[in-house]
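Just dropping this structure here.
Should a chain be cited, it is by its letter among A, B, C and D, assigned in written order, with residues numbered from 1 in that chain.
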C-alpha cells in the first residue's frame, strides 16, 4: 500500500503529528480529486486519470431537485430544519440499485464478460455480442444503455474523448461501444448513457465495480449539500406537500 | 434506578445470561408499551399510565403517505430498493422541529411556564394567561394550538378523558385547557391539537420535554415500517417523480 | 383490506377529518401493539396474537449499549449533539443482515422449506431434516440456532409457551424444534436462539419473512431512543473514542 | 444567479437535454472542486480560489478510522453489510456541532465580530481583542484555537501561505491571527487549528458560515467512502465490539 494512504488513514495518537504533516504536504500540491483517488486506490492518479475522474464526478454531482436523492434531502430539510447532516444523509439513503447504481451494475457486467472473454481468448467485441445475446434470451435490460431524452448523450462523447486523449481507453470502452452497436441491431437503438460511459472508463482505470457506487455518492453529495443549502436559504419549513389518493376500502362509519 | 433497567441495559458478556432471564421474565407478562416506559423512566408504568401511553403512540403512529417522514421513507425506498433500514432511517431524518417536534416544544412551554408559576405561587390558569400575553406581544405562535381541518380534534378529548379516568390529569392539562380558552379570547379560536394534548398528558406523567420527540419517533417508526413494506410490495422502483420548475436564469447558449 | 387500514393510511385533505375520528376511536381501546399489527397486516390481532407480539417486541427492544445499532446511535449522539433524529437513524442504519437480520433470514428458510415440503407432501420434521442435510453439505450455518452464552435461551421457552397457550403454535414451531434436534445429532448442540423462536412464531401468525426485519426495527427503536436519551443526559459530547492501530506501511519521511 | 447554476439545477423534462449539454461542457474543462464552488456560490472559482478550496477539502477528507464519523460508518458497515449508502449516511450523521462543526462555528464568530467592528469603525485586531475579552469574561472556549497534539498545526501555515500567495488573504485571516496572539497573552498558548484556519480563509472567499459545515461534509464523504470500502474488503461482519461496564443497580434475583 502506498505510504500516502498510511498518512491519511492512521489515527492513533502517536501518529497524529506525523499525519498532520503528511496531510499538510498533500494540501500544498494535490487537488481534492487526487486525494479521492489516493483514498480509494492507495496511490495518486496521473494527470490524465485526474482529468477523467473530475469529469465523472462532475457528471454525477447533481441532476436537479427532482432526482430521488435531491428530493429526499429537501424533504428532510423541509421537516427537520435544524440538522444539515440529517438532510444530506437522507439524500444519500435514496441512492441504491435504481438510483445511482447503474454505473456500478454496468461495471459488474463489464468485469464479468471481459473476464470470461479473456479466459476463453475472445475479443471485447465478442464479449459484447454474447452479453446482448444473453440479455435478449433472458429478456433483461442491459445496464448503461438507453436514455429517455438524449439520442446521443453528449456526456458520453466527452468522457470517451478525454479517456482517449489521455491514453486511458482500454477494453472497457471497446466493450461498451460494441455493446451499443450490437444492441442497436439485435434490440433497438439504445444510446449509451453517462452511467455506461463512466463504467467503461472506471473499468479501464482499474477501479473495482463497487467504486461506481462510492464515486457516485462522493459526486452527488456535492449536489446534495447545495440543494440543502438552497432549501434552507430560500424555502419555508414544511413547504413540500404531497397529494395522496387513498385507494383502499373507505373507513367504516362510526 | 429500577433493577429492570439494569436488566435491559447491561451488555457485558458476564451479564448476558442474567439479562436473558430478566428479559424472558418481562416477555411473559409485560406489554411493549410497558417496556418503552421502563427503558425511558427506569420503572414500569401503572396500568393507567400504560393505557395513556398506548393512546399517545397510536395517535402519532401514522399520518398518511404524504407526511414528510412517510414521504421521505417512500422516496428512499423508491430509489434504493435493497435496504429496509435505509428507507426507515430516511423517514426518521425528516422528523424535527417542524414535523413531529410540536409535542416536545409544547412540553417545554408547559414546563417553563408552570415552573415559573410554581416559584411565584401562581395557578396554572395564571401561567397560561401569561403565556398567551407573551405570545401576543412577541407575535409568536403558541405550540399545541391550531389545526388546519378540525375545529375540535377528537383525539384531544380521548386523551384527556383517558387521563382523567385514570387519575393522571394534573397541572399540564389544566394549563393547556386554560391556554386554549385564553387564546380564543385574546387571539382567535385555535382548537388544541393532538400535540398539545399529548404534551399536557406526558408532562403530568413526569416525562421530560425531550421525551416528546423520542416517543414521537417510537410511534412513527411503526407507521414508517408499514409505509415502506407497502412501497416494496405494491410499487415499482423509481415510481415517485417530481415536477420541478426551474426559476433561475436560463442556461447560456453554447 | 380492512377499513381500519384505510383510517390509518389515508392522508388526502378531505379524509383527515374522518381519519382523526378513526384514530381517536383506536386510541380509546387499542394498544400500540394492536396498531403495529393493524398497520402491517391490515387487521387487528386477536388477544393471543397481541400477547405474542408484545413478547417479541420486548425480546428485541434492547441488547445493551454495545450492540452495533446502540453503539452507532450513541456514537452519532457523541459527535452530533443537536439532533435526536440523526442519532436514532444512525442506529437504525446498523441494522441489516448481520445485526437484526437473523429472524428474517430464518423466516425465509422456514417459508422455503415448509413450502417445498407441503408441495411434496412431507412433514415439518422431514423438511427440517432436509434443511440440516443441505446445511451440512453446503457447509453453511443454519439461521436461528446457536448462542455464544446460553445453552438454552430462556426467551425461546417463553415465546413457545405463549404461542402454545394461545393456540398459535403451528408448523413453524414444529419445524424449528425438529431443526434444533436434528442439528444436535448431525452437527453439534446448537440451542435455538431468540431469532429462531420469533421466526417460528411470526411464521405461524402469517407474517411474511420481511416482517422479521420490520418488527426488529420497531422494537429496537424503543431501545435506541432510550440509549440516545441516556447519552444526552449522562455523557459529554465526544466521549466515545477508539484506539486504532494502523497496520499499513509507515508514512514517508519528508 | 450565474447561468451555470441553472444548467446544473434544472430538472424539468424539457431542460434535461440542454442540461446534458451544459454539464458536458463543464466536464470538458472544469475540475470537481470548480463545480463544488459553482453549486454553492453560483459561479466558478478563480484558479487561486480553487487551489485554496482543494487544500481545505483535503484537510478534512479523513482523520483516521477512529473519528466519530468514520467509526460510525464502519460500525454500520459491520452490522449491515448489504448497503453502502447506509454506512456512508451513518457516518454523515455523526457530523455536527462537536465533530466537524468547529469551522462553521468559528466562521460565525468571525462574521459576527468583524461585522460589528466594521459598523463601529474598528480594525480586525480590535475585533479579535474584544472576542478574547468576551470569552475570558464568559468563561467560554474560542473556536478555532487549541489542538491536543500540535503546538503549531502545519496545515494552518499551508492554508494561510496559499491564501496569501493567491491574493485571497483578507480580514478573516487578520482576525484569526490576532485572536491567536491575544489568547496567548490573555489565556494561554492555544495554537490555531485547521478549523480556525479554514474558517478564516472561507470567510475571506465570501462563503457564509453554514458553508463550513457543508464543505466539511463534502470533504469527509470522500474519506467515509474509503473507510467503508476498506471495511467491506478487509473485515468480517460484526467485527467491531465494545466492552460495556454497566454501572446501575444489579438485576433482582428471580
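Just so we're on the same page, contacts are C-beta pairs under 8 Å (C-beta built on N, C-alpha and C of every residue); 3 or more make two chains touch, one makes a residue touch a chain.
Please read all numbers here as calculations on a predicted model, not as lab measurements.
Of the chain pairs listed in B-D, C-D or B-C, the one whose interface repeats that of A-B (more than half of its contact pairs identical by residue number) is C-D. Comparing chain pairs A-C and A-D by the number of C-beta pairs in contact, the larger count belongs to A-D. Put simply, the C-alpha centre of subunit A and that of subunit C have 33 angstrom between them.
Per-chain CA centroids place subunit C at a distance of 38 Å from subunit D. With centres defined as mean CA coordinates, subunit D is found 23 Å away from subunit A. Annotation for subunit B: residues touching 2 or more other chains are 9-12, 19, 21, 64-66, 80, 82-83, 85-86, 89-90, 93-96, 242-244, 246. By the touch criterion given at the top, residues 64-66, 68-69, 71-72, 75-76, 78-83, 86-87, 89-90, 93-100, 237-238, 240-244, 246 of subunit A touch subunit B in their complex.
By the touch criterion given at the top, residues 8-13, 16-17, 19-21, 23-24, 26-28, 30-33, 35-36, 39-40, 53-55, 57-59, 61-67, 70, 83-86, 88-90, 92-96, 149-150, 153-155, 157-159, 162, 210-211, 213-215, 217-219, 221-223, 225-226, 228-229, 232 of subunit C touch subunit B in their complex.
On the side of subunit D, the complex with subunit B involves touching residues 1-7, 9-12, 15, 18-19, 21-22, 25, 80, 82-83, 85-86, 89, 242-246, 248-252, 254.
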